[in-house]
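The two complexes that follow have chain A in common; it is paired with chain B in the first and with chain C in the second.
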Partner chain A sequence: MTRVNVSLLVLIACVAALPLFGGAYALRLGTIACMYSILALSWNVVGGFAGYPSFATAAFFGFGAYATGVLMNDGLPLWLSVVIAAAAALLLAALLGAVLLRLRGHYFAIASLSLVEVLRELVNNATDLTGGGMGLNIPLVAGSSVMSDATFFFYAMWGLFLATALMVMAVASSKLGFGLACIRQNETASSMVGLNTTFYKSLAFGLSACFVSAAGGVYAACVHYIDPSDVFDILYSVKPIVMALMGGLGSPLGVACGAFLYLGLEEVVWRNYVQIHTGVLGLLIVMLLLFLPHGLISLRPGRFRRRAKHV
Partner chain B sequence: MSEILHLHNVSRHFSGLQALRKVTLSVEKGEVLGLIGPNGAGKTTLVNTICGVTPANSGTIIFDSADITGIKTYQAARRGLSRTFQVVQPFAEFTALDNVAAAALFSRPGESLKSSREQAKAYLAFVGLDAQAGQSAATLTLAMRKRLELAKALAMRPKLLFLDEVNAGLNSAEVERATGLIHQLAAQGITIVMIEHLMKVVLNVCTRIAVLHNGALIADGAPRDVIRNPAVVEAYLGQQYAQRNASHG
Partner chain C sequence: MHAAQILINALVLGCLYACIAIGFSLVWGVLNVINLIHGSFIVLGAYLAFALYYLLHLSPWYAVVVAAPLFFVLGYLLQRLILNRVITAPVLVTLTLTFGLDLILNNAMIYFFRADYRKLTLAPPLGSISILGVVVPVDRLIATASALALTGILYLLLRRSRVGRAIVAVRLDRDAAVLMGVDVKSIYAIAFGLGAALAGCAGVVMALIFPISPLTSSGYLGKAFVVCVLGGLGSVSGALAGGLLLALVAGVGSTFFGPSHATTLSFVLLIIFLILRPQGLLGRKGFE
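Here is the complex of A and B:
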């Protein structure tokens, strides 16, 4: 295991200690931080490793939220609903990926963006199943007290965060990760050496969607009520990309740090500049990307940077 | 000798442009076939069509006794068709070693990353790039990148190797070195089809020459016969070359 992977695991372990220090507010914030880390790490598999700028994160987040919500309303336990939602997303994304990933660059970005709209409209119109624009209530699962509820969902999201990180590390050091790096650098040459690019890209897209969908499921159970405009919000697609860029494209440690940095900034800015917080946040992001184009990870010399460039 | 590749009436057009017109051509096992012709004659298109990059619109392609018409690029690669590119296509961020390892890794099922890297060293040594194994491909000179292309193609253990202008842009010492490598490959029994503009190299290396002009095959035969063929002189070599060649012997 490389130093950079160990650092990521240490970071995740530290996050796990949050309930010892923080109250309900800190736990909610920690839950959201874990959730965005999952989204950003997952996006990194397609966007960072393979170089395909996907805007479909929100689509699979919403898909997972609704799949879990519907299954739980049918009486299934939370964990089983999330597992089914994740598996379904894996399958759906791999199939859609085989079609969508034929497009490259901006064309792929637009096509993946349209996926969010298509799923949102589908959910909006399938009133019998999803409640349509009325939204969907989701049964309570955790304890009745605020604290036990917050702790339960924090650890649920944290567990998923850990699983996503392990998945990303496994991909990065495997034949799949090597192949995705080939595709990012030169797709024509990749297929010329015998690499089945469609299969590799679809697999990456599927793996990425799978964990996003699971995060959507846990989120839905955590907030107890979802509606299409909430879970199919395009910001779920955009924020993970900004986080990955801020942290360092392609590097799992960088991406996770980027997610924490972004949420930290967002929280601080929102508290201090309620009136103009989006403007200030936007300005900060632009400054960061201008002066630190390779992300946080590029601040560390030596091994960290090299790993980041390779996978 | 037995036939390894057979094209029958292969045509390919890009909307209005007829790039290949009913090309019928055989390649025998172990031979070095030179594919020559003026710019835009369809030489690279022919290689692309065989390798599945631009599938044929009509006609059939038989490789190693199997019909491979319309096959996908990666499938062609796994069957033992490998090529170098006219414009080199390295994985720029990878080291030279990983470039070659990628070729070994994906062209055969069940290869591991570790064993591919081991094998890659031998191919880099063969093309004389062992000292550059740890350098990123982007930092290599053009001559080195051309040899890297060759190492990649060889790491796929090809049955049939296409060399698309491996000598273009090289100086005469570099050309000589590349020609030496091609001779060594031919001696190992690898069947080679080379696209080449340097007639000196073609005549030096090739056992047979095929000439494309406007997408059609206009000549195919022993090098000495082909370069005296009036149609070839007219379309490609030019009168001056023919006269100089005649006076030389």
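Here is the complex of A and C:
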């Protein structure tokens, strides 16, 4: 257990104390903060460890939301629906990954982007099952009062956040993490020395999709109504990347901090400049990439080095 | 007769798709950057045509002449000032950067022009012609002709002009081009400017047919993706072939499965092509 991992666990424990201090608004923010951290940490497994530019986060987020919604409408309890959605996403992503992860660079990026489009269109057209463009209503679960509802979903999302962080730490310290780092550095060479790259990449893709899908399921139960353009929003693919870049690629603590910071900025911008908030988000992305390409973690004293990136 | 109509529709739509995609394909091929602002540039071009028609009563034919230099300068500056700083960075960085720029441009358009759908309607409508029972609206015919003309101009430019040959050289082998005395930085900027100019012109052409709104930009971008992958990167003929194939598949698909499945079908086709033939219909292997 390294110092960085311990600090991440301490951070998560601090977040758990939120209901003691805040009202419903703080709880909602906390829930979203946990959700963003789950998305960013999961993305980090594929994008940070293995170095594959995946834009498929929104696809599995929407998949989880819809799978949970449909199952809950069939009368299954929330926890079971989320577990089934997560397991289904793990399988689906591992199978898709075995095919899609053969592509590299731009081609993989495009393929993962179009995965979002394909799933959105499928859900849009399967009106009998998903309600199509009309969206899907999801039955209430906790339901006695606003506060208890908010507390319940906060802890549900927090639990997932903890599970995701543990998964990421386990991956990072295991043979899988080492293999993914090899793949990032030189895939051909690592397959030459006998690493089963397809299996490693598919497993990473599956694990990442699994937690994203569970987060989507809890989100759907929390907001009680989903529609395809909401949960399959391409922004759900891009935001985790921005958070990870903001915090520093590959470092779980950095990524989680990036998610919190991002949410803070988003909330401030959203509250003050509703009409131009996506533009401000764009500006933030551009500034970040131009002036702080290695994330906040590179600002640590002593490790701060300025180097020209462009040649 | 039914089949002939589907074929003609696909032909018309295919040329329009090619026109949407050539600028995108040029930038991807030469700069190795997936330019996500492309869709918004097209919409901006459409707004330019709209504004010129209703404010200055200039017909869209002149709008093309105005749009080309304007968008070229815009694209040139954008590449020189912003994109050039990260041009050697991994795909994740360039892709996210252009996404950020797209958010800014798209939000600015929603802010200034509103998200309402507008339509450029020519004052005396052009009507449609019918040959042997196959009906083609005249405005679509003209748009197709302009799309083909734009594609032809780019082809000639790349083939015949000094700058065009330099662009092709950089595309084939950047380092060798440097050794031959090509100024790669300025070629990058020119190629991006050309891509933007083509997007602007494509926007003017699209304004004749499709409704105009900032919300349509992602649709154009998606089409550009699919056409590029189907046809092969960076070549004019590849974009044409990809556009025609996409239009044919979308047309036949919507006839048999219903129009709501046409988009799904085109993206499934995209993924199949990426896996089985990533170099596209006309591309050469190892050329990307």
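Throughout what follows, the second predicted complex is superposed on the first by the 297 of 311 C-alpha atoms of A that agree within 3 Å, B and C clash if a C-alpha of one lies under 4 Å from a C-alpha of the other, contacts with A are read in each partner's own complex, and residues count from 1 in each chain.
Here, a contact is a pair of C-beta atoms (placed from the backbone, for glycine too) under 8 Å apart; a residue touches a chain by one contact, two chains touch by 3 or more.
Predicted, not measured: the structure shown is a model, and the values here were computed from it.
Of the two partner chains placed by the overlay, neither chain B nor chain C lies in contact with A:Arg28.
Of the two partner chains placed around the shared chain by superposition, chain B is the only one that A:Thr197 touches, whereas chain C remains out of contact. The larger set of touched chain A residues comes from C, when the choice is between chain B and chain C. Once the two complexes are overlaid on the shared chain, A:Gly105 sits against chain C while remaining clear of chain B.
In the superposed model, A:Phe178 makes contact with chain B only, not with chain C. Of the two partner chains placed around the shared chain by superposition, chain B is the only one that A:Asn186 touches, whereas chain C remains out of contact. In the superposed pair of complexes, A:His224 makes contact with neither chain B nor chain C. Contacts of A:Thr278 after superposition: chain C is touched, whereas chain B is not reached.
Common to the chain B and chain C interfaces on chain A are residues 309-310. If you check the complex, the residues on chain A that touch chain B are 174-175, 178-179, 181-182, 185-186, 188-197, 309-310. Remark: chain C residues 28, 32, 34, 82, 84-93, 95-97, 99-108, 111, 218, 222, 225-226, 229, 260-261, 263-264, 267-268, 270-271, 274-275, 278, 288 touch chain A in the complex.
Across the complex, chain A is touched by residues 51, 53, 72-74, 77-78, 82-83, 85, 89-94, 98, 102-103, 105-108, 112-113, 152, 156 of chain B.
By the touch rule above, chain A contacts chain C in their complex via residues 47, 51, 53, 55, 99-100, 102-103, 105-107, 109-111, 113-115, 117-118, 121-122, 124-125, 234, 238, 241-242, 245, 275-279, 281-286, 289-290, 293, 309-311.
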